[in-house]
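Per-chain residue numbering starts at 1, and chain names A, B, C and D are given in the order in which the chains are listed.
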Amino acid sequence: MLRFALIGAGRIGAVHGASIAAHPGASLALVADPDLEAAGRLASRFGAHATADVTDVYTAGDVDAVIVGSPTPLHVEHLTAAVAAGKAVLVEKPVDLDIARVDACIAAVGQDARRVMVGFNRRFDPAFAEVRARSGEVGPVEQVTIISRDPAPPPAQYVASSGGLFRDMAIHDLDMARFLVGEIASVHAVGQRVGTVPEPDVDGAVTTLVAESGAVVTIVNSRHCATGYDQRLEVFGALGSLEVGNVRATTVRHHGATTSAATGPYLDFFLERCATAYARELDHFVTAITAGEAPSPTLADGRAALELADAATLSAATGETVRLRSSAPMEKETV
Amino acid sequence: MLRFALIGAGRIGAVHGASIAAHPGASLALVADPDLEAAGRLASRFGAHATADVTDVYTAGDVDAVIVGSPTPLHVEHLTAAVAAGKAVLVEKPVDLDIARVDACIAAVGQDARRVMVGFNRRFDPAFAEVRARSGEVGPVEQVTIISRDPAPPPAQYVASSGGLFRDMAIHDLDMARFLVGEIASVHAVGQRVGTVPEPDVDGAVTTLVAESGAVVTIVNSRHCATGYDQRLEVFGALGSLEVGNVRATTVRHHGATTSAATGPYLDFFLERCATAYARELDHFVTAITAGEAPSPTLADGRAALELADAATLSAATGETVRLRSSAPMEKETV
Amino acid sequence: MLRFALIGAGRIGAVHGASIAAHPGASLALVADPDLEAAGRLASRFGAHATADVTDVYTAGDVDAVIVGSPTPLHVEHLTAAVAAGKAVLVEKPVDLDIARVDACIAAVGQDARRVMVGFNRRFDPAFAEVRARSGEVGPVEQVTIISRDPAPPPAQYVASSGGLFRDMAIHDLDMARFLVGEIASVHAVGQRVGTVPEPDVDGAVTTLVAESGAVVTIVNSRHCATGYDQRLEVFGALGSLEVGNVRATTVRHHGATTSAATGPYLDFFLERCATAYARELDHFVTAITAGEAPSPTLADGRAALELADAATLSAATGETVRLRSSAPMEKETV
Amino acid sequence: MLRFALIGAGRIGAVHGASIAAHPGASLALVADPDLEAAGRLASRFGAHATADVTDVYTAGDVDAVIVGSPTPLHVEHLTAAVAAGKAVLVEKPVDLDIARVDACIAAVGQDARRVMVGFNRRFDPAFAEVRARSGEVGPVEQVTIISRDPAPPPAQYVASSGGLFRDMAIHDLDMARFLVGEIASVHAVGQRVGTVPEPDVDGAVTTLVAESGAVVTIVNSRHCATGYDQRLEVFGALGSLEVGNVRATTVRHHGATTSAATGPYLDFFLERCATAYARELDHFVTAITAGEAPSPTLADGRAALELADAATLSAATGETVRLRSSAPMEKETV
């Protein structure tokens, strides 16, 4: 039984709390949040204790593992302290918006990185995971096309400190690219402004990645989509292709006088679409940590996605293709 | 080169005329219709002669084959005379509405039935034909479900002399049942009245057929369908199923705020959906006759479908299941 | 907080136990099963007590509501005793296989039927419920087509006492027919034997129902389906149709050299497909009982479905259409 | 009645010959090809004369319009001569591979460009045309995604003189981009080599176009696709999206033990998929010329697509984004 503490009692904390409660090999012991009332509400739902003092997490004797769901600028501090206290850590992405701080974190954590996992939950989406598992059916992957659109833009204040579209949104798709085709050799991006978020951020983008394998990955992003959370992906090779479509609430189709086969809109936001992914992500973490194995995606994966987001941000600003320095000698993800 | 005469210059005559013109092994020589102007219009489009006197068809030296597209009550007369004159004949369905007259026709034609084909064009629809050709993939057929709806009811005057829904519309589906599972042992039907056609005809029906093989066939009919010409079919066996869906004008799908994946309505009427089927039907007839082989579906198939329509009509009136006498020793279709 | 006892610690008991645990307004207090070990295993998963003596359920002071998941022949006894003890009851379908016993049960329960709900879980499937809620979009319902196939036949010993396909399997579809078009005026059924279950039961059937409204409902059943749990439905009227398709584990589609758009098989059995339905069913029961309102489907709905199953069984044996006596003056379902 | 001459008796000539024969307002008078036997074979199928001397086309009194289907290097010569002889001209794309020669051609033709149409047949595909016609339904177009793959690479000798993937294949998609979002401001392209065609050509590419309107267009190309001719497109805006899917020979879907909903592969090559498009293209040309109006796409459209292909070729070689000079003051297409 892996005993968890949650740092952060917000929306994502509640999702992880429910996953822990439903997992036969996990239990929730502690919820830490400066907003003690929020921490208490969440803790009571799952029979855990609450604290406003995050250091209680590091010293708690009944806590084996920590989920870091605090605001992004605090991720590195909380992650480093929890690891130093001997805990296993599942940290929400991004590790940090500043790649220098991520590098410092990786250096500080050292070999203990084996106890750290970065929450790229989309790798655990049943459909995306199925495509990776079956990708051999298409032969060596030649082309990947990802369409990834949010239903609606985030609040202006979020965008102000999010690092921009490539770091707050496309980063999931950049990680998915590495998940499917491995290391990336060059990045080109185009950003577009439609006006749904304040300048200088963009609300649409097309990013083209060339992998070291020769595969080309295209990512089309938008901050808004009237039909819902638009998450599609296609992997293409000489033998065929595998395609992930959108998810609807039901299979009902309407046939009327002017249209046929009309289904409902896509599920509306990532917590709905990703509920299963979060539960599977937690299960992977619990299973790996319990078995003494390193979970994945790793801190190195977290750094690599941020490096791609930085490159895309630069390319969108300059119009130039950014060639990545040969990959640093870090462990690669192995899911 | 098979030289054709058309009896009947109506809508179906025009379809056959175009198929003949497009066929490299066929040519149109003569169009006969009491309405000489209509005959002339059609003939001139395809470089043929026109006549108001149907007997010209039988005596024409440059006519090898005749397509009988006259009103149903005249089918037997025109078919019998053309066969007697040595012509090959493709007769529109139904052969006649009175099974006694069909039996007399079969007796009169005798061995020359080898030169006669009945126009159950739906057997030549590429999708339905594919299902039959691949039906072994599902194992022995256990269940067939046919949904067959017209976009709109026929004119009242047509219904008055059509023999009713089972003989004028379901007959295509009854033939399809035999095409897919062979001879039928019993028939049960329920008719329903919605009010789109004059009494005593029905505008909806569900017919259940038990085949000699043990397969059960369900046919759901309606005389109206807001979304267009609704023609679906499913063949089910122990290994799986094969399904025919509806046809749209294009593959365009619309995704908006309240619905997704909405396509256009189904193609609107049988001439659109069946254009390919008519061309393939003609090709089969031309190929068989040219090779001296018997085309199919045969006169016996035409009789069998009418027998099923009669049984369904009776069952709908009485609520009883109609057991068919053991099939007469007639040749079975061999497409 | 509605406190539950479960009678029966089998598969369905476990499903309900999990639904209760996940429901914020429900808790599980007691599990009763003659197999005390099974009861204990289930109870311990959800923090409840266990007993081998079903009478403990009736006398327990901390039990407000009882879920009757015992074998069918015990349903009436357990239901009647629990109601007499003042409990609310959710009884699995069928209430009983003998309509005379059901009538006696209804008489015994009397006005307390307001506290009894019959577990036709399929009414709570999100897709089927959506179709009913939106059925006005098609105009007055004219035709309903239900295709309902199990992945594999039940064990021979189950079939021996199940009452046969119409009572153990089609009864869900017969209830769905009433759910969608109201009371039924006549029933015709055809059974077919493929050999997957022992005689005299059938393993396939087509049932045709004519509703008092004039709507015609067709139900196609099979006890086996290679592709999984095949549950489709279509409601058709003058303005269009609404269709429920099958559910797959993911949206992944494969495109290869010989086929395209191939998805995975349907979800494999009813517990997977129906997980949401069971949770929604429980929620309706908890909400209604907590509010002092009568839940639905009612005992009368349970009786009506059994009456249709009896009629279908008779029709399949005789080939005759069974006309139902005018409906008894029982309350109608009102979901 | 518009009387046609065909220059070129190859595959595309045969397609146009059939379209002319089927068109009520067109007739075929003459086929010119240095291979007189090929010209004769084609001419005799449609009742036309044949010649090995292309100058007969210009002097023929019974020829109003010329379809230039000769090898690309001869397009400009044949087009210019035919226009000078007073004929209307439908020229296959590309006009030429050298933009300087195209400019010279445009200058030579002058105002007679009103009688010239360039054969971007894909604009006349019913689905693509429907998307353009309905594009207002999505609001101002923000993003267009085009996936365009050939079933198999062309012969090596074709590739040697084709100008490369961007000029021989992507040019259709580049024209489609302009068709959907208007003039293009910048081009970025990535080419990839998989080894299906000889160097230095590429067999895959991703091209990103930024339109003057701010819309971003992504084009994913491959020279091979196991599943057939893969032609999809999606137009996205604030209100929703419109999507064009692939076309199959029939609607048959197979459901088996391991997969469900499997359809056949996509139609295999462009002549199949585009048969309707060619007929509609010819109809537009006949209608416009007969009415004395300028057909579209124009010579200027042909030049613009080549300019984009040149830019993409350059970008793929350098990795740099190519900014286009502000559009020349040529007429824009107006279909």
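Here, a residue touches a chain if its C-beta (ideal position, glycine included) is under 8 Å from a C-beta of that chain, and two chains touch if they have at least 3 such contacts.
Remember, it's a predicted structure, so these values are computed and weren't measured experimentally.
Chemist: Would you mind naming the chains that touch chain A and likewise touch chain B?
Modeler: Both chain A and chain B are touched by C, D, going by the contact rule given at the top.
Chemist: Among the chains, which is located farthest from chain D on the basis of C-alpha centroids?
Modeler: Between chain D and every other chain, the largest centroid distance is to C.
Chemist: Quick check: more C-beta contact pairs at A-C or at A-D?
Modeler: More contacting C-beta pairs are found at A-D.
Chemist: Between chain A and chain C, what is the separation of their C-alpha centroids in Å?
Modeler: Roughly 40 Å separates the two chain centres.
Chemist: Approximately how many whole Å separate the CA-defined centres of chain A and chain D?
Modeler: 42
Chemist: Find every residue in chain A that makes contact with two or more other chains and list them.
Modeler: In chain A, residues 226-227, 239-241, 246, 253-257 touch at least two other chains, as defined above.
Chemist: Looking at the complex, which residues from chain B come into contact with chain D?
Modeler: Residues in contact with chain D: 22, 126-127, 130-131, 134, 137, 239-247, 249-257.
Chemist: Hey, which residues of chain A end up touching chain B in the complex?
Modeler: So the residues of chain A touching chain B come out as 226-228, 246, 248, 253-266.
Chemist: How about chain B: which of its residues touch chain C in the complex?
Modeler: Within the complex, chain B touches chain C at residues 142-143, 145, 147, 149, 186, 188, 190, 192-194, 204-206, 208, 210, 214-216, 218, 220, 222, 224-227, 234, 236, 238-241, 319-321.
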